[in-house]
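Below, subunit A partners subunit B and then partners subunit C, in two separate complexes.
Here is the complex of A and B:
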């Protein structure tokens, strides 16, 4: 009973905090570009609004997959909340959740029959290179701490100090992943404006509501994970400050960096991963 | 033990002699997800691709015929079942067999398409998958030769790891990367997704990513004592 309440509270918290952080992200980007920008609460209002708007489905869509795929997206990020803040389980499951997120990008694009979604679908295959920094990062963490469980990693940091000092290059790899998932990211090739909104183009009404809800929760979970596995037990105020700072940094990068083309995006992620992985291994051997 | 520190606490084991099947939260999550996807794929109809025609106001609709639909749905379901098997197996050799089966049905899913670019892509992917069969099975064979077992449960309890075992694990990694068509081999595979036929083509990508997640767990189990 307590577990169910814990899950429910954490999911609502993740949705609200994630929505406000994404709203803040948009606001900071606008101010950097000398625009007033929408209110910070706008993303949250948009997400709620879509649940009450009229929904329509393309005649060419692959039903019921077209609907099921976004419900799965919401489901996996609720699982992310359970594995992360609630039970502090294995990072490997988070890795799996992130892989399914890629699948959803892939197939919500192709299931509508839209050519924009199809191009986004093909790009999603390329952008699976975003998995590489995450894999390399958690492998390094495993070699240092001897465990994939978040609770063990927190306990390790309580004794040995924050991992950001021991594995700074792994933190850079994880930050690359966060940057990839941030709105208007230079690596967000699946949602490039040359393909309208990519895989989201043909999802309206409550389906878009599910997508926006999932993106809010995903953003919160990624920031929570970064702060937890690199800074250890930092308390509520630490999390709030950390999440706002990371959101501001990504907003600054995204506002001043053009979107890369798919080949450059993949190679940039691949190069960052390779350099940081080799550097981390060298650091491990030396230290 | 590395099995619990990687995938979470053990939920249960099924000892079948040398091979011990085991289940932890990671396997359960991956297994349930792939089964849900496979069921959704089995009951869904395919998309119809719509593209504007050049030089006129007409549109071109490309759909999948009934015969091709049945053929691809069957192979997609087989691929889903093979992936589900790879998620819960506790035996390294079974994992490589599931991997090889996934590679074969991935090509089969797009083999009936009448688009030259897609068939070219499937052909190139097939060549890489065939070539990577050698390091895949060779790596598993080297691990068996150097440790005396293919049971992941027993490999996780090994007190030391021999250099040859690490070499075998790296060989397997190359084989898995090629068979599943991930970086740096995905260039041969991405064009396969241009074909109409969602949701069947989804299972190609899904199986690859899930295999990679499981492969990461297996490789970490093998090298855990470094």
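Here is the complex of A and C:
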């Protein structure tokens, strides 16, 4: 009974806080580009607006996939909330969620029948390289803490201090993942403006509303995970400040960096992962 | 505890939406007026004061003071783009100064 209430409260909180953070991201990007930018709540209002818009379906869409994939997208990030803030479970499930997210991008793009979606679908396969930093980061954390459970990692940090000092290169890998997921990211090849909105192009109405809801929750969960597994038990003020700071940093990077082309994006992620992984192992052996 | 945080976020969002609607009703002109709005300034100062210095007001439960503070902050920060920025900054600076004075000097 209490668990269900806890899940519900955390999902709503993740959606609202994630939307505000993405709104802030957009605002900061606009200010860097010398535009006033929309209000911070614009992303949230956009998300809610889509639930009341007329939903239309392309004739070329493969309907079971076209609708089902959105449900799966919302489902995996609700699972992310359950594994993250609610139960503080295993990081391997988070890795699984991120892997399914890539499959969702792939199928969402291919199910609409749109050429833009199809290009995005192919790019989603390339951009699976985005999972490499996450997997390498989890492996390094396991080598240091001896556990993949978020609760154990928090307990470890309570005793030994924040992991950002012990494994700064693993933190860079996780930050790369966050950067990949941020809007207008140099690595966001699946949603490049050269392919309109990529896999989201042909999803309208309530389906787009669910996609935006899921993206807000995903952004909140990724930031929560980063702060939790690298800074330890930091309290609500720490989370609020940390999330705002990381959102601001990604907004600065995204506003000043052009989007990479797919092969450069993949190679950049691969290179960052390789350098940070080797560096982390060397640091572990030396220290 | 999360229910409190949810209330705070909701109150801020409701304040921002109210601020956006009120601001568009008040300022229908196509350009931005750069003068400081006294009403917004007072609201911002009260909001930031309640949000940061709620322990000073022991006669109000802390969650009510924070909620009212966040509502007022949202009301000013959520105004039409271009409005409410200076007021927010002034309100925040005054409240942070009061916070620092009470925590480190007194």
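Rule of thumb we're sticking to: the second predicted complex is superposed on the first by the 287 of 287 C-alpha atoms of A that agree within 3 Å, B and C clash if a C-alpha of one lies under 4 Å from a C-alpha of the other, contacts with A are read in each partner's own complex, and residues count from 1 in each chain.
Heads up, the rule we're going with is that contacts are C-beta pairs under 8 Å (C-beta built on N, C-alpha and C of every residue); 3 or more make two chains touch, one makes a residue touch a chain.
In this text the structure is predicted, and so the values were computed from the model without any measurement.
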item	value
Fit or clash between subunit C and subunit B when superposed on subunit A	fit
Partner chain in contact with A:40 - subunit B first, subunit C second, else both or neither	second
Which of subunit B and subunit C A:122 touches, first, second, both or neither	first
Which of subunit B and subunit C A:238 touches, first, second, both or neither	neither
Residue contacts on subunit A - larger count, subunit B or subunit C	B
Subunit B versus subunit C as contact partner of A:152, first or second or both or neither	first
First, second, both or neither for A:161, with subunit B first and subunit C second	neither
Nearest-approach distance, in Å, of subunit C Cα atoms to those of subunit B in the combined model	24
Interface residues, subunit B side, partner subunit A - complex	5-8, 24-26, 29-30, 33, 36-37, 40-41, 43-52, 61, 182-184, 186, 189-191, 193-194, 196, 198-199, 201-202, 205-206, 208-210, 212-213, 216-217, 220, 226
Interfacial residue positions of subunit A with respect to subunit C in the complex	6, 9-10, 12-13, 16-17, 20, 36-41, 44-45, 85, 236
Interface residues, subunit C side, partner subunit A - complex	2-3, 5-6, 9-10, 12-13, 16-17, 20, 32, 77-82
Partner subunit B, residues of subunit A touching it in the complex	59-65, 68-69, 72, 76, 79, 83, 89-90, 92-93, 95-96, 99-100, 102-103, 106-107, 110-115, 118, 121-122, 124-126, 128-129, 131-132, 135, 139, 142-143, 146-149, 152, 266, 270
